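Each of the next two complexes has chain A plus one other chain: chain B in the first, chain C in the second.
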Partner chain A sequence: MNAKPLRLPLDDEPQIMTAEQRSVWIYLAATVLATVAYAAIIVPRALDNPVAEVSWVRPMLLAIGGTILLTIVGTIVWSIAAGVRLGLRGRDPEIELESDVRDKEINKRGTTASSTLVGVGLLGVLILTMAGADHFWIGQALYVTGAAGGITEAITKLRLYQRGF
Partner chain B sequence: MELELRHHLVGLIAGLGAFVAYWAIILNRAATDDVAFTEVAWRGPLLLVLGVGGGLYAVIYILSAVRNRGRVVTDVRDAEIRRAAEEAGAGLTGIASLTALILLGLDVSTFWVAHVLFVGGYLGSLAYSGKAITAYRKGLA
Partner chain C sequence: MPPKPTKVTNNIRALRFAAAEMTQAELAHAIGVTRQTIIAIEQGRYSPSLEMAFEIAAALGRPLNDVFQYEQGGPAD
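Let's turn to the complex of A and B:
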(Lines of atoms letter the chains of each structure in order from A and count residues from 1; the text may use other names and numbers.)
(Lines give C-alpha, C1' and ligand atoms only; values in the text may rest on other atoms or scores of the structure.)
Protein backbone atom coordinates (compact mmCIF):
# COMPACT_ATOMS: atom_id res chain seq x y z
CA MET A 1 0.00 0.00 0.00
CA ASN A 2 1.51 3.27 -1.03
CA ALA A 3 -1.66 5.32 -1.00
CA LYS A 4 -1.31 9.06 -0.51
CA PRO A 5 -2.14 10.19 3.05
CA LEU A 6 -5.70 11.46 3.36
CA ARG A 7 -6.12 15.20 3.73
CA LEU A 8 -8.56 17.65 5.29
CA PRO A 9 -10.92 19.67 3.07
CA LEU A 10 -9.58 22.83 1.49
CA ASP A 11 -11.02 26.13 2.63
CA ASP A 12 -13.29 26.55 -0.38
CA GLU A 13 -14.33 22.93 -0.71
CA PRO A 14 -17.95 22.17 0.21
CA GLN A 15 -18.49 20.78 3.72
CA ILE A 16 -20.26 17.42 3.80
CA MET A 17 -22.95 16.24 6.23
CA THR A 18 -21.88 14.28 9.28
CA ALA A 19 -23.26 10.76 9.65
CA GLU A 20 -25.61 12.07 12.33
CA GLN A 21 -27.14 14.68 10.03
CA ARG A 22 -27.68 11.97 7.42
CA SER A 23 -29.46 9.84 9.99
CA VAL A 24 -31.88 12.71 10.72
CA TRP A 25 -32.79 12.98 7.03
CA ILE A 26 -33.30 9.23 6.75
CA TYR A 27 -35.29 9.13 9.99
CA LEU A 28 -37.62 11.88 8.78
CA ALA A 29 -38.18 10.14 5.45
CA ALA A 30 -38.71 6.76 7.14
CA THR A 31 -41.17 8.15 9.70
CA VAL A 32 -43.27 9.92 7.07
CA LEU A 33 -43.21 6.86 4.82
CA ALA A 34 -44.15 4.44 7.60
CA THR A 35 -46.93 6.70 8.89
CA VAL A 36 -48.47 7.11 5.44
CA ALA A 37 -48.28 3.36 4.80
CA TYR A 38 -49.79 2.63 8.22
CA ALA A 39 -52.62 5.12 7.70
CA ALA A 40 -53.29 3.67 4.25
CA ILE A 41 -53.85 0.26 5.84
CA ILE A 42 -55.72 1.30 8.98
CA VAL A 43 -58.02 4.13 7.87
CA PRO A 44 -60.01 2.03 5.35
CA ARG A 45 -60.25 -0.80 7.91
CA ALA A 46 -61.50 1.56 10.60
CA LEU A 47 -64.08 3.08 8.26
CA ASP A 48 -65.49 -0.32 7.24
CA ASN A 49 -65.55 -2.02 10.65
CA PRO A 50 -66.33 -1.09 14.24
CA VAL A 51 -63.01 0.15 15.69
CA ALA A 52 -62.96 -2.51 18.41
CA GLU A 53 -62.62 -5.18 15.70
CA VAL A 54 -59.88 -3.50 13.65
CA SER A 55 -56.57 -5.36 13.94
CA TRP A 56 -54.06 -2.55 14.11
CA VAL A 57 -51.34 -4.01 16.33
CA ARG A 58 -49.32 -5.85 13.72
CA PRO A 59 -49.34 -2.98 11.18
CA MET A 60 -48.27 -0.53 13.89
CA LEU A 61 -45.44 -2.71 15.16
CA LEU A 62 -44.34 -3.17 11.54
CA ALA A 63 -44.44 0.60 11.01
CA ILE A 64 -42.35 1.26 14.14
CA GLY A 65 -39.91 -1.58 13.46
CA GLY A 66 -39.68 -0.54 9.81
CA THR A 67 -38.85 3.04 10.78
CA ILE A 68 -36.04 1.91 13.08
CA LEU A 69 -34.62 -0.61 10.61
CA LEU A 70 -34.81 1.77 7.66
CA THR A 71 -33.10 4.52 9.66
CA ILE A 72 -30.23 2.28 10.72
CA VAL A 73 -29.68 0.61 7.36
CA GLY A 74 -30.20 3.82 5.38
CA THR A 75 -27.76 5.77 7.54
CA ILE A 76 -25.08 3.10 7.28
CA VAL A 77 -25.43 2.72 3.51
CA TRP A 78 -25.53 6.46 2.85
CA SER A 79 -22.58 7.16 5.16
CA ILE A 80 -20.48 4.45 3.55
CA ALA A 81 -21.28 5.84 0.11
CA ALA A 82 -20.31 9.33 1.27
CA GLY A 83 -17.12 7.98 2.83
CA VAL A 84 -16.11 6.21 -0.36
CA ARG A 85 -16.78 9.35 -2.41
CA LEU A 86 -14.63 11.42 -0.05
CA GLY A 87 -11.87 8.83 -0.10
CA LEU A 88 -11.76 8.92 -3.88
CA ARG A 89 -11.15 12.66 -3.69
CA GLY A 90 -8.35 12.05 -1.22
CA ARG A 91 -10.19 13.49 1.80
CA ASP A 92 -10.34 11.73 5.15
CA PRO A 93 -13.89 10.37 5.65
CA GLU A 94 -13.37 9.51 9.29
CA ILE A 95 -12.80 13.10 10.36
CA GLU A 96 -15.57 14.57 8.24
CA LEU A 97 -18.33 12.04 8.98
CA GLU A 98 -17.67 11.78 12.69
CA SER A 99 -20.14 13.40 15.14
CA ASP A 100 -18.91 16.55 16.83
CA VAL A 101 -19.97 19.06 19.48
CA ARG A 102 -22.34 20.69 17.03
CA ASP A 103 -24.20 17.42 16.45
CA LYS A 104 -24.54 16.95 20.18
CA GLU A 105 -25.92 20.45 20.73
CA ILE A 106 -28.37 20.07 17.83
CA ASN A 107 -29.53 16.74 19.24
CA LYS A 108 -30.35 18.34 22.57
CA ARG A 109 -32.23 21.21 20.96
CA GLY A 110 -34.22 18.74 18.89
CA THR A 111 -35.32 16.88 22.02
CA THR A 112 -36.32 20.16 23.65
CA ALA A 113 -38.39 21.17 20.64
CA SER A 114 -40.52 18.03 20.79
CA SER A 115 -40.74 17.46 24.55
CA THR A 116 -43.72 19.77 25.19
CA LEU A 117 -45.67 18.24 22.32
CA VAL A 118 -44.90 14.71 23.51
CA GLY A 119 -45.78 15.61 27.10
CA VAL A 120 -49.16 17.04 26.12
CA GLY A 121 -49.80 14.05 23.84
CA LEU A 122 -49.07 11.55 26.61
CA LEU A 123 -51.33 13.44 28.98
CA GLY A 124 -54.04 13.16 26.32
CA VAL A 125 -53.44 9.42 26.10
CA LEU A 126 -53.72 9.10 29.89
CA ILE A 127 -57.01 10.99 29.79
CA LEU A 128 -58.23 8.58 27.08
CA THR A 129 -57.44 5.63 29.34
CA MET A 130 -59.30 7.32 32.21
CA ALA A 131 -62.29 7.97 29.98
CA GLY A 132 -62.36 4.25 29.20
CA ALA A 133 -61.78 4.73 25.47
CA ASP A 134 -61.37 1.70 23.22
CA HIS A 135 -57.81 0.35 22.98
CA PHE A 136 -57.85 1.22 19.29
CA TRP A 137 -58.04 4.93 20.07
CA ILE A 138 -55.44 4.73 22.84
CA GLY A 139 -53.06 3.00 20.44
CA GLN A 140 -53.64 5.52 17.65
CA ALA A 141 -53.15 8.45 20.04
CA LEU A 142 -49.85 6.97 21.22
CA TYR A 143 -48.65 6.47 17.66
CA VAL A 144 -49.64 9.96 16.56
CA THR A 145 -47.91 11.46 19.61
CA GLY A 146 -44.71 9.56 18.85
CA ALA A 147 -44.76 10.31 15.12
CA ALA A 148 -45.57 14.01 15.61
CA GLY A 149 -42.80 14.31 18.21
CA GLY A 150 -40.30 12.55 15.96
CA ILE A 151 -41.15 14.69 12.94
CA THR A 152 -40.96 17.92 14.96
CA GLU A 153 -37.61 16.84 16.33
CA ALA A 154 -36.22 15.95 12.91
CA ILE A 155 -37.39 19.18 11.26
CA THR A 156 -35.99 21.27 14.11
CA LYS A 157 -32.62 19.54 13.81
CA LEU A 158 -32.49 19.92 10.04
CA ARG A 159 -33.30 23.62 10.31
CA LEU A 160 -30.48 24.02 12.83
CA TYR A 161 -28.11 22.14 10.54
CA GLN A 162 -29.02 24.32 7.57
CA ARG A 163 -29.35 27.73 9.19
CA GLY A 164 -27.30 27.57 12.35
CA PHE A 165 -28.37 28.38 15.88
CA MET B 1 -31.74 31.00 44.19
CA GLU B 2 -32.44 31.24 40.46
CA LEU B 3 -36.09 31.54 39.49
CA GLU B 4 -35.82 28.58 37.13
CA LEU B 5 -34.32 26.43 39.86
CA ARG B 6 -37.25 27.37 42.06
CA HIS B 7 -39.62 26.20 39.32
CA HIS B 8 -37.79 22.91 39.03
CA LEU B 9 -38.06 22.41 42.79
CA VAL B 10 -41.78 23.24 42.76
CA GLY B 11 -42.24 20.76 39.93
CA LEU B 12 -40.36 18.08 41.83
CA ILE B 13 -42.42 18.59 44.97
CA ALA B 14 -45.78 18.80 43.15
CA GLY B 15 -44.93 15.63 41.21
CA LEU B 16 -43.86 13.75 44.31
CA GLY B 17 -46.98 14.86 46.19
CA ALA B 18 -49.29 13.75 43.36
CA PHE B 19 -47.52 10.42 42.94
CA VAL B 20 -47.56 9.55 46.65
CA ALA B 21 -51.16 10.72 47.12
CA TYR B 22 -52.29 8.61 44.16
CA TRP B 23 -50.70 5.41 45.42
CA ALA B 24 -51.93 6.05 48.94
CA ILE B 25 -55.50 6.23 47.62
CA ILE B 26 -55.12 3.19 45.38
CA LEU B 27 -53.42 0.96 47.96
CA ASN B 28 -56.01 1.97 50.53
CA ARG B 29 -58.82 1.12 48.15
CA ALA B 30 -57.19 -2.17 47.23
CA ALA B 31 -57.01 -3.07 50.91
CA THR B 32 -60.54 -2.04 51.82
CA ASP B 33 -62.64 -2.59 48.67
CA ASP B 34 -62.10 -6.35 48.60
CA VAL B 35 -61.57 -6.59 44.83
CA ALA B 36 -58.62 -7.68 42.68
CA PHE B 37 -55.85 -5.06 42.54
CA THR B 38 -56.46 -4.24 38.86
CA GLU B 39 -60.19 -3.82 39.49
CA VAL B 40 -59.76 -0.93 41.91
CA ALA B 41 -61.51 2.27 40.79
CA TRP B 42 -58.38 4.14 39.68
CA ARG B 43 -59.76 6.56 37.10
CA GLY B 44 -61.12 9.18 39.46
CA PRO B 45 -58.04 9.40 41.69
CA LEU B 46 -55.69 9.61 38.68
CA LEU B 47 -57.66 12.46 37.17
CA LEU B 48 -57.74 14.16 40.57
CA VAL B 49 -53.99 14.03 41.28
CA LEU B 50 -53.08 14.99 37.71
CA GLY B 51 -55.49 17.91 37.86
CA VAL B 52 -54.41 19.10 41.29
CA GLY B 53 -50.67 18.56 40.72
CA GLY B 54 -50.68 20.11 37.26
CA GLY B 55 -52.98 22.94 38.37
CA LEU B 56 -50.80 23.78 41.37
CA TYR B 57 -47.68 23.90 39.24
CA ALA B 58 -49.45 26.02 36.62
CA VAL B 59 -50.75 28.51 39.21
CA ILE B 60 -47.29 28.99 40.74
CA TYR B 61 -45.74 29.30 37.30
CA ILE B 62 -48.28 31.87 36.11
CA LEU B 63 -48.04 33.87 39.35
CA SER B 64 -44.29 34.13 39.04
CA ALA B 65 -44.54 34.98 35.34
CA VAL B 66 -46.97 37.79 36.13
CA ARG B 67 -44.84 39.11 38.98
CA ASN B 68 -41.77 39.19 36.75
CA ARG B 69 -43.43 40.43 33.58
CA GLY B 70 -41.26 42.64 31.43
CA ARG B 71 -38.10 41.48 33.19
CA VAL B 72 -35.53 39.08 31.85
CA VAL B 73 -35.36 36.29 34.43
CA THR B 74 -33.54 33.52 32.55
CA ASP B 75 -30.13 33.39 30.94
CA VAL B 76 -28.11 31.13 28.69
CA ARG B 77 -27.21 28.90 31.60
CA ASP B 78 -30.87 28.30 32.50
CA ALA B 79 -31.65 27.41 28.90
CA GLU B 80 -28.67 25.08 28.66
CA ILE B 81 -29.64 23.29 31.88
CA ARG B 82 -33.25 22.96 30.71
CA ARG B 83 -32.12 21.35 27.48
CA ALA B 84 -29.88 18.86 29.27
CA ALA B 85 -32.71 18.03 31.69
CA GLU B 86 -35.24 17.53 28.92
CA GLU B 87 -32.86 15.16 27.19
CA ALA B 88 -32.45 13.20 30.43
CA GLY B 89 -36.22 12.79 30.84
CA ALA B 90 -37.12 12.10 27.22
CA GLY B 91 -35.55 8.62 27.09
CA LEU B 92 -37.62 7.25 29.96
CA THR B 93 -40.84 8.75 28.63
CA GLY B 94 -40.13 7.20 25.24
CA ILE B 95 -39.58 3.76 26.78
CA ALA B 96 -42.84 4.12 28.73
CA SER B 97 -44.86 4.94 25.58
CA LEU B 98 -43.34 2.03 23.69
CA THR B 99 -44.09 -0.32 26.59
CA ALA B 100 -47.68 0.96 26.69
CA LEU B 101 -48.02 0.27 22.95
CA ILE B 102 -46.74 -3.28 23.41
CA LEU B 103 -49.17 -3.83 26.30
CA LEU B 104 -52.01 -2.60 24.09
CA GLY B 105 -50.86 -5.09 21.47
CA LEU B 106 -50.98 -7.90 24.02
CA ASP B 107 -54.52 -6.76 24.85
CA VAL B 108 -54.00 -6.48 28.61
CA SER B 109 -56.42 -4.39 30.67
CA THR B 110 -56.43 -0.60 30.42
CA PHE B 111 -55.32 -0.51 34.06
CA TRP B 112 -51.81 -1.62 33.12
CA VAL B 113 -51.56 0.64 30.09
CA ALA B 114 -52.52 3.69 32.13
CA HIS B 115 -50.16 2.81 34.98
CA VAL B 116 -47.18 2.17 32.75
CA LEU B 117 -47.76 5.61 31.23
CA PHE B 118 -48.32 7.26 34.60
CA VAL B 119 -45.33 5.70 36.36
CA GLY B 120 -43.10 6.06 33.28
CA GLY B 121 -44.11 9.68 32.87
CA TYR B 122 -43.43 10.32 36.54
CA LEU B 123 -40.00 8.69 36.37
CA GLY B 124 -39.26 10.80 33.30
CA SER B 125 -40.18 13.97 35.20
CA LEU B 126 -38.05 12.78 38.13
CA ALA B 127 -35.05 12.36 35.83
CA TYR B 128 -35.80 15.82 34.41
CA SER B 129 -35.96 17.54 37.81
CA GLY B 130 -33.03 15.56 39.18
CA LYS B 131 -30.79 16.44 36.26
CA ALA B 132 -31.80 20.12 36.41
CA ILE B 133 -31.33 20.49 40.17
CA THR B 134 -27.95 18.72 40.24
CA ALA B 135 -26.87 20.84 37.27
CA TYR B 136 -27.65 24.03 39.24
CA ARG B 137 -25.68 22.73 42.23
CA LYS B 138 -22.75 21.00 40.58
CA GLY B 139 -22.72 22.29 37.02
CA LEU B 140 -23.22 20.45 33.73
CA ALA B 141 -20.61 17.74 33.40
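Let's turn to the complex of A and C:
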Protein backbone atom coordinates (compact mmCIF):
# COMPACT_ATOMS: atom_id res chain seq x y z
CA MET A 1 0.00 0.00 0.00
CA ASN A 2 1.37 3.38 -1.02
CA ALA A 3 0.21 5.74 1.69
CA LYS A 4 0.89 9.39 0.90
CA PRO A 5 3.29 11.10 3.29
CA LEU A 6 1.69 13.38 5.82
CA ARG A 7 4.16 16.18 5.11
CA LEU A 8 6.05 17.15 2.00
CA PRO A 9 9.69 16.21 2.68
CA LEU A 10 11.24 19.00 0.61
CA ASP A 11 9.14 21.61 2.40
CA ASP A 12 10.44 20.56 5.78
CA GLU A 13 14.01 21.44 4.99
CA PRO A 14 15.46 24.51 6.66
CA GLN A 15 14.61 27.71 4.92
CA ILE A 16 17.54 29.50 3.33
CA MET A 17 17.57 33.29 3.21
CA THR A 18 17.01 35.03 -0.11
CA ALA A 19 19.94 36.92 -1.60
CA GLU A 20 18.42 40.21 -0.50
CA GLN A 21 17.90 39.14 3.10
CA ARG A 22 21.42 37.80 3.26
CA SER A 23 22.92 41.01 1.91
CA VAL A 24 20.97 43.01 4.52
CA TRP A 25 22.52 40.92 7.30
CA ILE A 26 25.99 41.37 5.85
CA TYR A 27 25.54 45.10 5.38
CA LEU A 28 24.29 45.47 8.96
CA ALA A 29 27.21 43.51 10.38
CA ALA A 30 29.74 45.43 8.25
CA THR A 31 28.28 48.81 9.17
CA VAL A 32 28.18 48.08 12.90
CA LEU A 33 31.70 46.65 12.83
CA ALA A 34 33.14 49.60 10.90
CA THR A 35 31.32 52.17 13.03
CA VAL A 36 32.49 50.62 16.30
CA ALA A 37 36.07 50.44 15.01
CA TYR A 38 35.90 54.04 13.82
CA ALA A 39 34.49 55.24 17.14
CA ALA A 40 37.18 53.31 19.02
CA ILE A 41 39.81 55.31 17.13
CA ILE A 42 38.20 58.75 17.00
CA VAL A 43 36.60 59.12 20.43
CA PRO A 44 39.86 58.78 22.43
CA ARG A 45 41.58 61.20 20.04
CA ALA A 46 38.77 63.72 20.41
CA LEU A 47 38.87 63.43 24.20
CA ASP A 48 42.61 63.97 24.38
CA ASN A 49 42.99 66.76 21.81
CA PRO A 50 41.18 69.84 20.51
CA VAL A 51 38.81 68.60 17.77
CA ALA A 52 40.43 70.86 15.19
CA GLU A 53 43.64 68.84 15.62
CA VAL A 54 42.04 65.39 15.48
CA SER A 55 42.99 63.37 12.42
CA TRP A 56 39.69 61.83 11.33
CA VAL A 57 39.66 61.82 7.52
CA ARG A 58 41.76 58.70 6.99
CA PRO A 59 39.94 56.61 9.65
CA MET A 60 36.60 57.67 8.20
CA LEU A 61 37.64 56.78 4.66
CA LEU A 62 38.88 53.42 5.93
CA ALA A 63 35.59 52.84 7.80
CA ILE A 64 33.50 53.67 4.71
CA GLY A 65 35.75 51.65 2.42
CA GLY A 66 35.82 48.80 4.91
CA THR A 67 32.03 48.72 5.05
CA ILE A 68 31.79 48.52 1.26
CA LEU A 69 34.53 45.91 0.99
CA LEU A 70 33.16 43.74 3.79
CA THR A 71 29.68 43.88 2.29
CA ILE A 72 30.90 42.87 -1.18
CA VAL A 73 33.21 40.09 0.02
CA GLY A 74 30.68 38.84 2.58
CA THR A 75 27.92 38.72 0.00
CA ILE A 76 30.06 36.80 -2.48
CA VAL A 77 31.30 34.29 0.10
CA TRP A 78 27.87 33.71 1.65
CA SER A 79 26.23 33.41 -1.79
CA ILE A 80 28.71 30.75 -2.84
CA ALA A 81 28.19 28.89 0.42
CA ALA A 82 24.40 29.05 0.06
CA GLY A 83 24.58 27.87 -3.56
CA VAL A 84 26.83 24.97 -2.63
CA ARG A 85 24.57 24.03 0.27
CA LEU A 86 21.52 23.99 -2.01
CA GLY A 87 23.41 22.08 -4.68
CA LEU A 88 24.34 19.39 -2.19
CA ARG A 89 20.67 19.05 -1.30
CA GLY A 90 19.71 18.80 -4.95
CA ARG A 91 17.61 21.94 -4.86
CA ASP A 92 17.20 24.68 -7.42
CA PRO A 93 19.15 27.77 -6.28
CA GLU A 94 17.01 30.06 -8.42
CA ILE A 95 13.85 29.25 -6.46
CA GLU A 96 15.63 29.77 -3.14
CA LEU A 97 17.98 32.64 -3.75
CA GLU A 98 16.63 35.01 -6.39
CA SER A 99 14.97 38.25 -5.34
CA ASP A 100 11.28 38.74 -5.99
CA VAL A 101 8.43 41.16 -5.42
CA ARG A 102 8.45 40.58 -1.64
CA ASP A 103 12.12 41.57 -1.44
CA LYS A 104 11.36 44.73 -3.41
CA GLU A 105 8.50 45.65 -1.08
CA ILE A 106 10.66 45.10 1.97
CA ASN A 107 13.43 47.15 0.40
CA LYS A 108 11.05 50.02 -0.23
CA ARG A 109 9.64 49.92 3.30
CA GLY A 110 13.13 49.83 4.79
CA THR A 111 14.18 52.88 2.81
CA THR A 112 11.05 54.73 3.88
CA ALA A 113 11.67 53.88 7.54
CA SER A 114 15.15 55.39 7.51
CA SER A 115 14.37 58.43 5.36
CA THR A 116 13.06 60.55 8.26
CA LEU A 117 16.15 59.83 10.35
CA VAL A 118 18.47 60.64 7.45
CA GLY A 119 16.51 63.83 6.74
CA VAL A 120 16.86 65.03 10.33
CA GLY A 121 20.56 64.13 10.32
CA LEU A 122 21.18 66.08 7.12
CA LEU A 123 19.32 69.04 8.56
CA GLY A 124 21.66 68.87 11.54
CA VAL A 125 24.65 68.86 9.20
CA LEU A 126 23.26 71.89 7.41
CA ILE A 127 22.79 73.75 10.67
CA LEU A 128 26.33 72.87 11.78
CA THR A 129 27.67 74.16 8.46
CA MET A 130 25.67 77.38 8.66
CA ALA A 131 26.85 77.90 12.23
CA GLY A 132 30.46 77.58 11.08
CA ALA A 133 31.19 74.47 13.13
CA ASP A 134 34.56 72.79 12.84
CA HIS A 135 34.92 70.38 9.93
CA PHE A 136 35.38 67.61 12.50
CA TRP A 137 31.81 67.96 13.76
CA ILE A 138 30.36 68.27 10.26
CA GLY A 139 32.18 65.12 9.19
CA GLN A 140 31.12 63.17 12.28
CA ALA A 141 27.51 64.30 11.90
CA LEU A 142 27.48 63.12 8.29
CA TYR A 143 29.04 59.77 9.18
CA VAL A 144 26.64 59.17 12.07
CA THR A 145 23.69 60.11 9.86
CA GLY A 146 24.76 57.64 7.20
CA ALA A 147 25.51 54.85 9.65
CA ALA A 148 22.34 55.36 11.70
CA GLY A 149 20.23 55.52 8.56
CA GLY A 150 21.81 52.34 7.18
CA ILE A 151 21.42 50.46 10.45
CA THR A 152 17.80 51.59 10.86
CA GLU A 153 17.02 50.52 7.31
CA ALA A 154 18.67 47.13 7.77
CA ILE A 155 16.94 46.40 11.10
CA THR A 156 13.58 47.43 9.64
CA LYS A 157 14.07 45.08 6.69
CA LEU A 158 15.13 42.17 8.89
CA ARG A 159 12.08 42.67 11.11
CA LEU A 160 9.86 42.64 8.03
CA TYR A 161 11.50 39.45 6.79
CA GLN A 162 11.01 37.78 10.16
CA ARG A 163 7.64 39.08 11.30
CA GLY A 164 6.04 39.78 7.97
CA PHE A 165 3.84 42.65 6.91
CA MET B 1 -14.17 55.89 12.37
CA PRO B 2 -12.52 53.94 9.56
CA PRO B 3 -13.14 50.15 9.48
CA LYS B 4 -10.73 47.97 11.41
CA PRO B 5 -7.83 46.55 9.45
CA THR B 6 -8.34 43.10 8.05
CA LYS B 7 -6.14 40.08 7.49
CA VAL B 8 -6.02 37.68 4.57
CA THR B 9 -5.69 34.02 5.47
CA ASN B 10 -5.17 31.12 3.09
CA ASN B 11 -5.35 27.37 2.60
CA ILE B 12 -2.36 27.11 0.29
CA ARG B 13 -0.59 24.40 2.25
CA ALA B 14 -3.63 22.12 2.37
CA LEU B 15 -4.45 22.80 -1.27
CA ARG B 16 -0.91 21.97 -2.36
CA PHE B 17 -1.39 18.53 -0.87
CA ALA B 18 -4.62 18.19 -2.80
CA ALA B 19 -2.92 19.36 -6.00
CA ALA B 20 -0.78 16.25 -6.49
CA GLU B 21 1.39 17.15 -3.50
CA MET B 22 2.78 20.21 -5.17
CA THR B 23 5.90 21.39 -3.35
CA GLN B 24 6.55 24.96 -2.27
CA ALA B 25 9.33 25.13 -4.84
CA GLU B 26 7.00 24.00 -7.63
CA LEU B 27 4.39 26.58 -6.68
CA ALA B 28 7.08 29.25 -6.40
CA HIS B 29 8.36 28.37 -9.85
CA ALA B 30 4.83 28.45 -11.29
CA ILE B 31 4.20 32.03 -10.17
CA GLY B 32 7.74 33.37 -10.40
CA VAL B 33 8.65 34.02 -6.77
CA THR B 34 11.07 32.50 -4.28
CA ARG B 35 10.19 29.58 -2.03
CA GLN B 36 10.69 31.92 0.90
CA THR B 37 7.80 34.06 -0.34
CA ILE B 38 5.52 31.02 -0.57
CA ILE B 39 6.52 30.08 2.99
CA ALA B 40 5.80 33.64 4.18
CA ILE B 41 2.36 33.61 2.51
CA GLU B 42 1.47 30.19 3.94
CA GLN B 43 2.48 31.35 7.41
CA GLY B 44 0.48 34.57 7.11
CA ARG B 45 3.59 36.75 7.23
CA TYR B 46 3.04 38.25 3.80
CA SER B 47 -0.15 39.22 2.01
CA PRO B 48 0.33 38.80 -1.73
CA SER B 49 -0.89 41.30 -4.28
CA LEU B 50 -4.22 40.62 -5.96
CA GLU B 51 -2.42 39.59 -9.12
CA MET B 52 -0.22 37.11 -7.25
CA ALA B 53 -3.25 35.76 -5.39
CA PHE B 54 -4.94 35.00 -8.71
CA GLU B 55 -1.75 33.38 -9.99
CA ILE B 56 -1.53 31.15 -6.91
CA ALA B 57 -5.17 30.16 -7.24
CA ALA B 58 -4.66 29.36 -10.93
CA ALA B 59 -1.56 27.30 -10.17
CA LEU B 60 -3.53 25.30 -7.61
CA GLY B 61 -6.47 24.96 -9.99
CA ARG B 62 -8.91 26.49 -7.53
CA PRO B 63 -11.08 29.61 -7.45
CA LEU B 64 -9.66 32.51 -5.48
CA ASN B 65 -12.19 32.12 -2.66
CA ASP B 66 -11.05 28.56 -2.02
CA VAL B 67 -7.48 29.70 -1.55
CA PHE B 68 -7.77 33.02 0.27
CA GLN B 69 -10.17 34.22 2.93
CA TYR B 70 -10.77 37.75 4.02
CA GLU B 71 -11.30 38.07 7.76
CA GLN B 72 -13.06 41.30 8.55
CA GLY B 73 -11.72 42.81 11.76
CA GLY B 74 -8.93 40.27 12.04
CA PRO B 75 -5.55 40.98 13.57
CA ALA B 76 -3.71 43.80 11.87
CA ASP B 77 -0.04 44.20 11.01
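One rule holds for everything that comes next: the second predicted complex is superposed on the first by the 156 of 165 C-alpha atoms of A that agree within 3 Å, B and C clash if a C-alpha of one lies under 4 Å from a C-alpha of the other, contacts with A are read in each partner's own complex, and residues count from 1 in each chain.
Everything that follows uses one rule, which is that a residue touches a chain if its C-beta (ideal position, glycine included) is under 8 Å from a C-beta of that chain, and two chains touch if they have at least 3 such contacts.
Every value quoted in this text rests on a predicted model; they were computed, and no experiment measured them.
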{"item": "Partner chain in contact with A:G132 - chain B first, chain C second, else both or neither", "value": "first"}
{"item": "First, second, both or neither for A:E98, with chain B first and chain C second", "value": "second"}
{"item": "Contacts of A:V118 with chain B and chain C, given as first, second, both or neither", "value": "first"}
{"item": "Which of chain B and chain C A:M17 touches, first, second, both or neither", "value": "second"}
{"item": "Touched partner set for A:G146, first chain B, second chain C, both or neither", "value": "first"}
{"item": "Set of chain A residues, in rising order, touched by both chain B and chain C", "value": "none"}
{"item": "Residue ranges of chain A touching chain C (in the complex, touch as defined)", "value": "4-5, 8, 10-11, 15-18, 21, 91-92, 95-103, 163-165"}
{"item": "Chain B residues touching chain A - in the complex, by the definition given at the top", "value": "43, 46-47, 50, 82-84, 86-87, 89-90, 93-94, 96-98, 100-101, 104-105, 107, 110, 113-114, 117-118, 121"}
{"item": "In the complex with chain B, residue positions of chain A that touch it", "value": "57, 60-61, 64, 107-109, 111-112, 114-115, 118-119, 122-123, 125-127, 129-132, 135, 138-139, 142-143, 145-146"}
{"item": "Residue numbers on chain C that touch chain A, as the complex places them", "value": "16-17, 21, 23-25, 28-29, 32-37, 39-40, 43-47, 49, 52, 77"}
